[in-house]
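Below, each structure is written out as structure tokens.
Next, two complexes with chain A in common: one pairs it with chain B, the other with chain C.
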Partner chain A sequence: MSKKEFFPMDGDRTKYPEIKSDGTADIDLSSHKYIKLWHGPNHPGITGNMAVELTLCGDEVVEGITHVGYLHRGFEKLMERRKYIQNFPLVCRIAVPEPDYNEYNYATCIENLTGIDVPEKGMWLRTLTLEMARLQGFLMWIGGMAGAIGFGTVGQWANYCRDLVLDRFEELTGGRIYHIYILPGGVRNDIPEGFKDRMEKNLREIEGFMKDIRRAFFDNYVFKKRSVGVGYIDPAWVFDYGIVGPNARAAGFKHDIRKNYPYAKYAELDFEITTAKDSDIYTRAFLRFEELLKDIDLIRQILDKMPEKGDHISKVSNMMNLKIPAGETYVRSECTRGEYGYYLVADGSEYPRRVNVRGPSYTHGVALLEKMLVNVNIADVAQLMVSLHTYPPEIER
Partner chain B sequence: MLENIISELEKQFQLEAVDHNSSDLVFLTIDRDHAVMAIDLLKWKFGYKHFVLLTAVDFLEEGKFQLTYILNNPDTKTDIGVRVRIDREDANMVSAHHLWPTVATYQRELKEMFGIDFPGSPRLNDPFILEGWEGTPPYRRDFDTKAFAASFYHQREGRTTNDPATYMKEKLYPNE
Partner chain C sequence: MGTLKDILSPFSVWKQVLKEPVTIKDPLNRAGSDRYRGFHQNEIDRCIGCGTCEAICENEAIDMVGVASIASKDGDSGLRPMVDYGRCCWCALCVDVCTTGSLKLSNVYTWVDTDPDNFRFIPGIDKKPWDNAEKGYVKPDNYELYPLERVSMDHLHPEERDHSFIEIMKGYSDEEALIEADRCVSCGICTATCPAHMGIPEYIKAIRNKDVEEGLRIMYETNPLPEICGRICTHKCETVCSLGHRGDPISIRWLKRYIADQVPESAYADVLRQDSVEQNDKKIAIIGAGPAGLSAAYYLRQLGYQVKIYEKLQAAGGMMRYGIPEYRLPYDQIDKDVNYILSQGVDIQYNVEVGKDISFSDLHKQYNAVYVATGLHQGRSTRIPGTDHKSVYQAIELLRKITNNEEIEVAEKIVVIGGGNVAMDITRSLARMQKEKYGKVQIIATSLEAEGKMPADLEEIVEAREENATINPGWGPREILIENDKIKGLKVVKCLDVFDAEGRFNPSFDESEEAFFEADMVVESIGQGADLGFIAPEFMEQLEKDHRGRIMVDPLTYQSTLPWLFVGGDIIEGPDVIHGVANGHKAAKGIDLFLNK
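So, the complex of A and B:
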């Protein structure tokens, strides 16, 4: 297959629009060659509340501009006015489908700056919740990806499976979506009796559904026809555009923070970094599917290796009025979308001076998406966006 | 590893402070005019090619903003945080978008949220999160959130409670 056939949208841009000397496209709307179309903020193919302002020439996108701000609640500003412990109900809302990474990073920042230790079992329970968050995050993503191109049934199966994981979250933490489970010094509750057996039953059911999803979705001719060769990420863009996680691994970049910068108990788990090389929508989708299956295996490993006895949280005195000495730190972890980081600056008071959240969507959803949208067919915009797996609250936190 | 890089940097730039956070994370402070040159050197010579983040910290009482660039070397698995102190009154900084295209997004956000100028950065004045914002940039510490909320949003009256029997009687049979 020639390159032209394999990448049908990598076409000739010499006619429309003309490129000006500063590198931007010369788009004259009054020429009637182009139309403006707002894709979102409420659209089934949009990941959350964000909009893309498209300029179309026929059915081809010539320019796309990301617009965010529909969910802006000023998290980082709010955190500066609250005591350290009061921020836990806030941070989890920055990435709604995966709140645990916010809790983990924020708690670890506090622990780094204060020297609070986390007991062995607390670390294992953190690792368990982080992997459960990854599993349900991928399941929700499959629902979104399938829904974006019309596979609604597959989306329902995936969301049913996610509900099974949320059941276990509810049992472990008391909450289905927001858990506020990870605290400085460990986790809030110990694991309930019989949790392992119930989790194993859920994992088996999910594995059964994954076989169906693979047959119905990933082996599907229509999905392959629409996604192979579309939405190509050049490996040379990885550092230029801050591409991380599955988007980078699908472009051949072997990088996983769980492996390269082992945190929590990942150093004691047996897994390999998943990579691929074709770097199109299908490759990214299938790589996430493979990571999902590995997450199931990792949850089993964690439950097998976790000690039955031991403290789940260390004693921290006067947490409500915790003062952190002046200093700063950066903590990262690997969520479903890649590097999730927290930069915390303390000034010696009871309030953080500054908390900055580095979400993977910040780079994927703005600079990278705007670059990738050029020359894409209007019908592929939704699946292209979902294939980058962006959460808008991370961009406008 | 990090010590070697810092000693190399010290030969070329005047480092105002070096704080070792851990064995693989160090924060250093460089003056405004040389910071982007140091970042350039870290990227091309020392392999800090992964741009992690750029953000600002407002030290209102000192009249300064601190810009923090965190860079990562995926080969040595180390991070360097480059800190730059700039005046709050004349908040502008040399743009680094030529090193990583994605830096322009961070700079655009800092212009909007902190009012820090990065001359030459693409689409710097395009609205990013806020639209049509006027006045003090909202992430500055002297921005009064309470006064803004009181003036911008309609204040709802508190809830009232009624005795159901009396309320329904007055509503259904107001003339009796």
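So, the complex of A and C:
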């Protein structure tokens, strides 16, 4: 068999499958040119349960259809049947690895509509948890990224580092993963004695590991060979596909909610938006790595500026009876993956009328992924998904 | 892209080879942080079974269940939270909302058990390995899910009120009532304790919903005297309110008043309108138009009976009108409640004394059932030397005369014997009259009970003092000194204790510690008794009585041993308005049961 017969793609990958007049792909399974392969719903390259139904031609993906629904959650609907306060243990589960943005957005929605104030210290503590969440989120993501292309050891180092951040979360909030720390009016608990020193110790250890991870993973011929030029996001897609966060910044877009629409205490922190140009898997990965290092700096800044005294939460009316006058609000914050938004509609009752959660995973993990999968090599599907940094639970909210 | 550096760089981390590989720490050997949200602990004696934890749990992981070793009592439902670890997410909202602060999460978070049933357990009752763990999540001090401070009510200041009988408490504004009503956690501990079992969380919720008319309807289901009770109820409900454990109890009484105040009398008929009641021709006589008589009349009318009240005095209300001074309970508010009851078709005859103007046996002949609710209107005397002097009065008789606008003696210096609410009522009433007459107040109230143990409500004592009355408790009266037929004062000795070791009323004194309270007039207010002389002997004989001679009734129907005779009000329990309201309602149902047999 000649090479030409074995790889019938003719070098030009965009030719297959042919597009029919109605715009759909002409995939004739009986032609034996294509096979179907399910990637997921349980697959190590996926954070959470989600499936991609791949159609392969040789080792090349010609079509990828995303299938969500394995988590059976329906958070938004559930929230309509719970009192406002009762939704806090729920929202943190929408993006499992990053509960804090959900807590922050949801609490801020309530505050916007009721006029509840947050004391200075409460706001600093919120900012602290938001940056700690980013740090551990990126660390976990490094684990996923490295793991997706076989760098398991790097993944373990990163997860060890994440565990150090979780130790601090546990100390501060009483929970490692689900913090349920941000409530209307502030945060639930004050910062414990000596927290800053323990955090500093952890940050130093993490920095040490990051040096090694940079050498072993980012300055690595194999990783570069696999990721440079692969998984390109055309800057032209950014608006059409609602691409945000590192995925957009790596395509040259200088957009970060923390800077563009400063919230919490970000206006008082010194940092710049990280951007890059090449917009491939490597660029996105490295950009996240750089943001991770900036996070470490931000956490230090926050702890330096943390007021010694002051309330962490303001006095609120009875949360068991909270009714919110009819109205609506949208609150956004920058999570590890970009703009995270909560749109809350209140109808004057004790229950939210509608909560819409705008997580970046929805656009990145469904529409964008389906577009990018076409003509990708089967071996790159996992790393492509991870490079978009999506959380399936957040798609199924 | 690929440089030689990229090939060599990964090897530079070789030192990691020498490190012990660590991903996450071994959870079996790692203690949870100091505020870790681990497994539940409940201080079982502190918990009151209010069920607020159950109400907030979004996962329905808590069920309130009965516990064999805990009996329900006032202020404690007797239930305790059972947690289901198949549902719990360890959010600790239950801990934050716990009204008593009994609930905590320990920092223990590992537990292996082979029996799935063990994962549903009652913390504090079912023994668990972490019961004695000291660390874990407790609600931080400076954070609350609901306000603990009560909204205070605007009132007349001492200098504005010490010379007049104008009502002191001004009532809540809409905004104040909303804020106060918002504090309620709807646990219902109050409902269980209220003698009338009023739907308290429900009418408070009606305030939150800005629907006072609904609130009024809810109140009338169990209490047809809301204006009155909203002012002077002994509010047992507030004493047990779960919020009182860590903060101020909800101002249940003032909220009740707020609802009734908001609905004008002219709107009552419309608001409380109900589907027409089927009338019957059975007739009930009620003796006494006090709280019990009025309540029984109202609920009997709801059941279609023909009701007639016989009242000895000129107006309805009993002690509410003739005992409680106007600055606490204005007469127009009594009228508002009474008028609505009478408007339901209750027949009432004033100035009729049963036993004198109409005989008891006539009532028995003319009516299918008789309800006696004549209350306690006979003042008791200390019987110390000097009490037969003409300037020694019974508080209850003076209060009645004040209501009737009759002339009474107001001396320059007065001593009141007694430490209950009636003693405070007469002290404060006379103080006002002294202030008007002499421009100054010289009145001393003294009681056996020491400071802090007086039966009067604390606010009564505080306000009496604000009005310049002297409250000097802890003394036993010995003699009223009389010289030249004029009272000189009251001789007292120190009272050590009112009760003996068995808890019986048996005061002990230190005779060596004497005091003398100068006075020209003495008022006795040491309690009241019932005057049941109107019940003809042939009936009295047939009534079963307890060892102290009090008539015994069925505790649910208030039926006496004469099946057609029902007895209630202060004669049976209390004495206070709400017990009367409650037993009047029960007697109405009891009479209905008896006549429909």
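Rule of thumb we're sticking to: the second predicted complex is superposed on the first by the 383 of 397 C-alpha atoms of A that agree within 3 Å, B and C clash if a C-alpha of one lies under 4 Å from a C-alpha of the other, contacts with A are read in each partner's own complex, and residues count from 1 in each chain.
In this text, a contact is a pair of C-beta atoms (placed from the backbone, for glycine too) under 8 Å apart; a residue touches a chain by one contact, two chains touch by 3 or more.
This is a predicted model, so every value here is computed, not measured.
Contacts of A:Tyr221 after superposition on the shared chain: chain C is touched, whereas chain B is not.
In the superposed pair of complexes, A:Asp234 makes contact with neither chain B nor chain C. The wider contact with chain A, measured as residues touched, comes from C rather than the other of chain B and chain C.
In the overlay built on the shared chain, the residue A:Asp117 is in contact with neither chain B nor chain C.
Of the two partner chains, chain B is the only one that A:Glu76 touches; chain C does not reach it. In the superposition on chain A, A:Gly341 contacts chain B only, with no contact to chain C. Within the superposed three-chain model, A:Tyr160 lies in touch with chain C and out of touch with chain B [touch as defined at top].
Judged by the touch definition given at the top, the superposed model places A:Glu200 against neither chain B nor chain C. Residue overlap on chain A between its contacts with chain B in one complex and with chain C in the other: absent. Residues 1-3, 5-7, 9-10, 12-13, 16, 21-25, 32-37, 52, 55-56, 58-59, 89-93, 96-97, 105, 137, 140, 142-147, 179, 182-186, 208 of chain C touch chain A in their complex. Listed in rising order, the residues of chain B touching chain A in the complex are 19, 21-22, 25, 27, 49-53, 55-59, 66, 68, 70, 74, 77, 79, 81, 100-102, 104-105, 127-131, 138-139, 141, 145. Those residues of chain A lying in contact with chain B across their complex are 68-69, 72, 74, 76-77, 80-81, 112, 239-242, 255, 260-261, 327-330, 332, 339, 341, 343, 345, 353-354, 356, 358, 362-363, 366-368, 371, 395-396. Across the complex, chain A meets chain C through its residues 82, 85-90, 153, 156-157, 159-160, 163, 167, 170-171, 173-175, 178, 180, 186, 188-190, 192, 212, 215-217, 219-221, 224-225, 228, 311-313, 315-321, 323.
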